[in-house]
């Protein structure tokens, strides 16, 4: 995608997360420990950029996303929107709510099957009383639908009458309705067919170009994330393992986990079949009892005793950051 | 060609009835897999991949299934009675499901479920079956298998469960393993492990594998041959390298162009417009025509049959324009 | 004895004297005869505890434990002589001490039916083991009849051990002296009573009497037809009686009621204080229809008199029933200035007969332009409203009114405790007092008939009918001795003692 | 074991709730318990004494605490009417209710499960429709109507079964057992009839759902015999919801036996309740509710255990 | 645009597959007829009161369902009984559903309330309902209104349980999160998303609660706790029992029993059919 926007030091981030922690207790009085879904994540999102987040299932991507939009209140840490904290007493201030929107993974379940597309897209407008009901509302909804490439004359139909890709467009139209500054997308294309994925990915790219909205793009498909993001964060068991400009993270991964991930990803080129791949042993550990020290040390080929004792911090490695005691330094 | 193919299916049709309408899920599929070979059946959701697999396994009770030919290792499946067919299932041809959690019975122990194969097909006692199960679980890499045979599915991680399914699939050294999206529910790192495992067992046992997937990457990594399905039909098939290099069907071509490439991220993706047709519909011409950039008049009216292409090596494509595509690619 | 598999065919076998099974619709609530007041309670305890007297078919007192009784001339002393051959089941003789104990306990603790009937008693004493003397505070000709018939005699040596006789449950190890003794209780199922050998007044033939509990008459009838029971203790509803008339295997026994069914008008409620209004109401009831339809003819007219034909000694042949005459009723109401009369009528909706005729009363009154709103109540609410005299019209029935001077006193004297109509009529009070002081029926007759006439004319009570109870038993049994009232019927101790298999 | 502890605590909570609800229901509703004990014709002094004897003169809260305290000692108070302890009254009745309801339950389950399986494995066929329709019809029957019908036809006409009661007077030893079974048939049949539908329908739907699950497909793909697929793989999973229902139903069953026991003159708790209502015998009523609640608690515990046996996910976590 | 456009809305699809179920349609017709009988009772038969000359007559041309022991027409009783039985059934179920809906939805949506409300529902469910109904009806005095309230009071937990579990399946749905992200308040979400979502199960619940209420009413009336001034099916049976006619005058027992059976059966069948139609999975 477009080259990375200007250096960030100069600009204020729109969204900043610092020291986010979130645990889930499963069930009332359950004896199992809490699931530590997110355990200490910091990140900044700058205006107009796309921040990609990749990671394996259960590593806390969705939880992070929900905290970023204020659906979940962090146990520790704080999310700020242009310097203002998300949670003041009572809840999320309405104007911040308006400015930060979300697109969900499953386009079908994120649209109420009992509402027409018009009502779905109009919901945010009604809640925030942005447009009076009636003609004005219909025009505005039509406009939003056109923006995402849907024909406005189908606005009185129900979600199940649309195909997967179209449904996801409805979800995007809803997110755009309040003219947000930030849209957090939690795996917005994983539920779509491969032939439709590209349509939606292209739509995101185009919307960002034309509207300048900042995106957090969460996915487990490395190639898709690479394709849309300026910067990429790699999560492992509730923490960021690596973070930096997409080209840097993909081109010269510093964290062993990133390397393994890139190496394990199947490549649709039969010619490359013979390449040597890093095959990790075992499954990711359970987030209920994350390993001490570096969370990756149980599966890491580089691990030493130190890794199982000292938790590495996210530190600058070249143009990006990695949380590894033995991070791969750029050759130069 | 002394040995017959492990699986030979000709003209498979499957029709469901729902809400008073007929759904033609599979409309004339041919499949042939040789011994030791992996055939990837590619296609997007709803194209009829799973239905094809279930029809081969004989698991479709409520659908109308019609074959012209169905042979497993030269034996005619159509001529067999239900008991005979049942004795083949699980021993000669086996199935690996996509979602291991729902495919394992939550109330039976792992040992019971794996051992059942030995008891049903080999007539082993409970104890013998258990011993064999432990061996199998060991083979697929379950740590401390002897201790864990009595555990229940919910006590295993996703990757482990998938391994257990694989163990069941290879337990009786079948001729054919049908793996229905065996790795889509898994993480990339675990997916690689499982694919590797299936591939290793295939090599060691000389089994044929029908790998169902919608991931072009997965197909590229492990298969020898590829068949691409669209709307209940196979639209193209061929040897994997050739097919990826020079697709002879516009759908295959468009799919390949729609995947983001790690190495050239900046280019815009070539999206395929529209959505796949509903299986309830039967337009007269080519099913892909409404979305196809090459479509001409004939595509809308006449359905192109799957024809062998002159490039040889068993390539075939169902498109009125495949020859010009190949020519274009050659030049 | 029924064995599984041959139950249903039990009908063909002849009855043996071994066992008589009686169906009842309720459990025994309390085994203390001085307290218990449900029907089943009385049936069971009557077989266990003797009374001084019994009653014959006309309501006249006949000997039981008592053999002779009399008043002194001044009417302030009454004496009863006792049999000497009755024994408690533990072998001790039944003596005057037991009688004195029972009556004194009731007098002291003031509970049960008897307490209200012995207000004249000053002191009871045993003259000898076989003679009791009652000292009265005023002459009372009803005293002996009341105490003789109503008071169960209990064993002093057992009951005196309880701190309070009223609260003595008497639920096990019974010491009794009746023709049968209770040997086994299976709550909710049955009560088993065995014959007492050497029972003085009448040696029982049947070895064992079993009371079996059923939910309602319907099932009792099925069980009687099925041969599971020999007799239904409860009174049959009229429709069932009609139905069973034609059944060869069932014999119906008609028993006159000692009470009557009636409407009472609350004389303290306006406009019911106006006698013309009450008379209008009396003319607005179709007595014949109620007797013929609601009771299927199993009822006698009492000629609107509170002296019913069941007690021929008191009845007044001159009394005339109010005619059903809506026009007359309208006229009377017009005179009283009450053309659009609207009244409520309470009744116990669980009483099948009343529930059946209450709507008939309403519909007949409608013809006279009177609106009666039915208030069918659940039993306890009904009792509460009655106690509080919270009604316009009270529809109900009195079960046992065996002694007119005593009963009319309770029912119609100012402040009488069942004076539901709240009658205050000095003339009536005087007449009733006079009849109570009389020591013989002959003496009491004139004043009590006069009182009844006043009650009739003033419509202090509107008597509808005297029921003829139907009791059903299997034709395999005979020899019962019917007595009036459903409390006694053919279920009284002397009757059961003389019952025997037919043929 | 913590699981068991939690369940027990929950059971106690249920008991307490039942006790409290009934205690206050009885006292706060219009009907007056004072009226029930005290004869309006008795002297004021005697009345006060009587009320004091039953503890009815104290403030409501004190009465309540007293009651709870007594309950802890297994004391349910004295019957207003019968002058004997409530426990005596009820303990005579309890065994009969248990015999009736447990038998009915067992028979229902033994019939309901196979019928449900039969219907599910022939879903949409004629046999399925017949079974479903029969189940639903039986479920819709009104107990007293069925009772009269059965008694008349099977009791009087055919003379096969006795009218009412629980056991013959003279039966002893094995004969007594036989006689008990003989008396049990009709009331049990009514209860089974009205309950069966629920089981059949639940069993049917859950089994149809289970038969559509992937693990059933896998079992078939393993070459397991169709019968065994149903009985071994699908049924155990389908039994889980049925177990829950059984637990819930045992509770309602014990209470619902009021009508049945009343119609068939069966000497159980249900009829004791009906009689006690008629006599406003509040201590007996309250005691009966406590007992019924206890029965429900026990039933739920049993259900939990059964659930644990059937479902390893509960057992091993 | 594509094939998806031909898909039917869920409601229509439910209706189409419901229409093909003869039992469901039949039940709907029967219920409608019963409702019509209830509404137009005065036009069908005079209010049964008073007494007639022909007592305890079996069914005949003049008296279709025969007469009772005081000569009232049983047909008229059953017709008027339809009115009370259905009125009690419907009003009790409406009341129960309002309570159950409130409690069920609150429990599912407001997580803090879930544990206490859930425990309350569970506890209430484990109370012996019929005996308690008997007790309350006996103490509160018999009237149609008492019956309806008493039955409702003991029927809501079942509704609450069903509503709660349905609402619990909706609360975690992404579209609820979406409404939150978009700024919807709790009230908004409950009103716009939860309530419409639980209405279909409430539909089934209405039907089942009604039939249970009809049975409960019949039971209470049969035990003599019904309103003596009006006719319900239970009351007819109660009167038959009192007059000892239950087994002998079979027509006084049979017809009200059949009426109960018909109503309860058709409501149950209706809900079964509706559930089948809604559950598209079992349609294959």
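When the chains are written out, they are named A, B, C, D and E in that same order, and each has its own residue count from 1.
As a convention for this text, contacts are C-beta pairs under 8 Å (C-beta built on N, C-alpha and C of every residue); 3 or more make two chains touch, one makes a residue touch a chain.
In this text the structure is predicted, and so the values were computed from the model without any measurement.
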Chain pair with more C-beta contacts, C-E versus C-D: C-D
Label of the chain whose CA centroid is most distant from the centroid of subunit A: C
Cα-centroid distance, subunit B relative to subunit C, in whole angstrom: 91
Chain centre separation (subunit A, subunit D; CA means) in Å: 54
Interchain centroid distance [CA atoms averaged], subunit A/subunit B, Å: 32
Inter-chain centre distance, subunit B versus subunit D - centres from mean C-alpha coordinates, in Å: 53
Of all residues in subunit C, the ones touching two or more other chains: 218, 222, 380-381
Where subunit B touches two or more other chains at once, by residue number: 275
Multi-partner residues of subunit D (each touching 2 or more other chains): 30-31, 148, 151-152, 156, 262, 278, 317
In the complex, subunit E residues that touch subunit C: 49-51, 55-56, 69-71, 138, 141-142, 224-225, 228-229, 239, 241-249
Complex contacts: residues of subunit D adjacent to subunit C: 30-32, 35-36, 39-43, 46, 53, 81-84, 88-89, 92-93, 96, 148, 151-152, 155-156, 158-171, 175, 178-179, 181-182, 262-268, 271-272, 275, 278-280
List of subunit E residues in touch with subunit A within their complex: 1-2, 4-5, 7, 9-10, 115, 173-175, 177-185, 188, 192-193, 196-197
Interfacial residue positions of subunit C with respect to subunit E in the complex: 216-218, 221-222, 236-240, 242-243, 289, 293-294, 296, 349-350, 352, 355-356, 359-360, 362-363, 374, 376-378, 380-381
Subunit D-facing residues of subunit B, complex: 54, 57, 59, 86-91, 94-95, 97, 99, 102-109, 116-117, 120-121, 151-152, 154-155, 165, 168
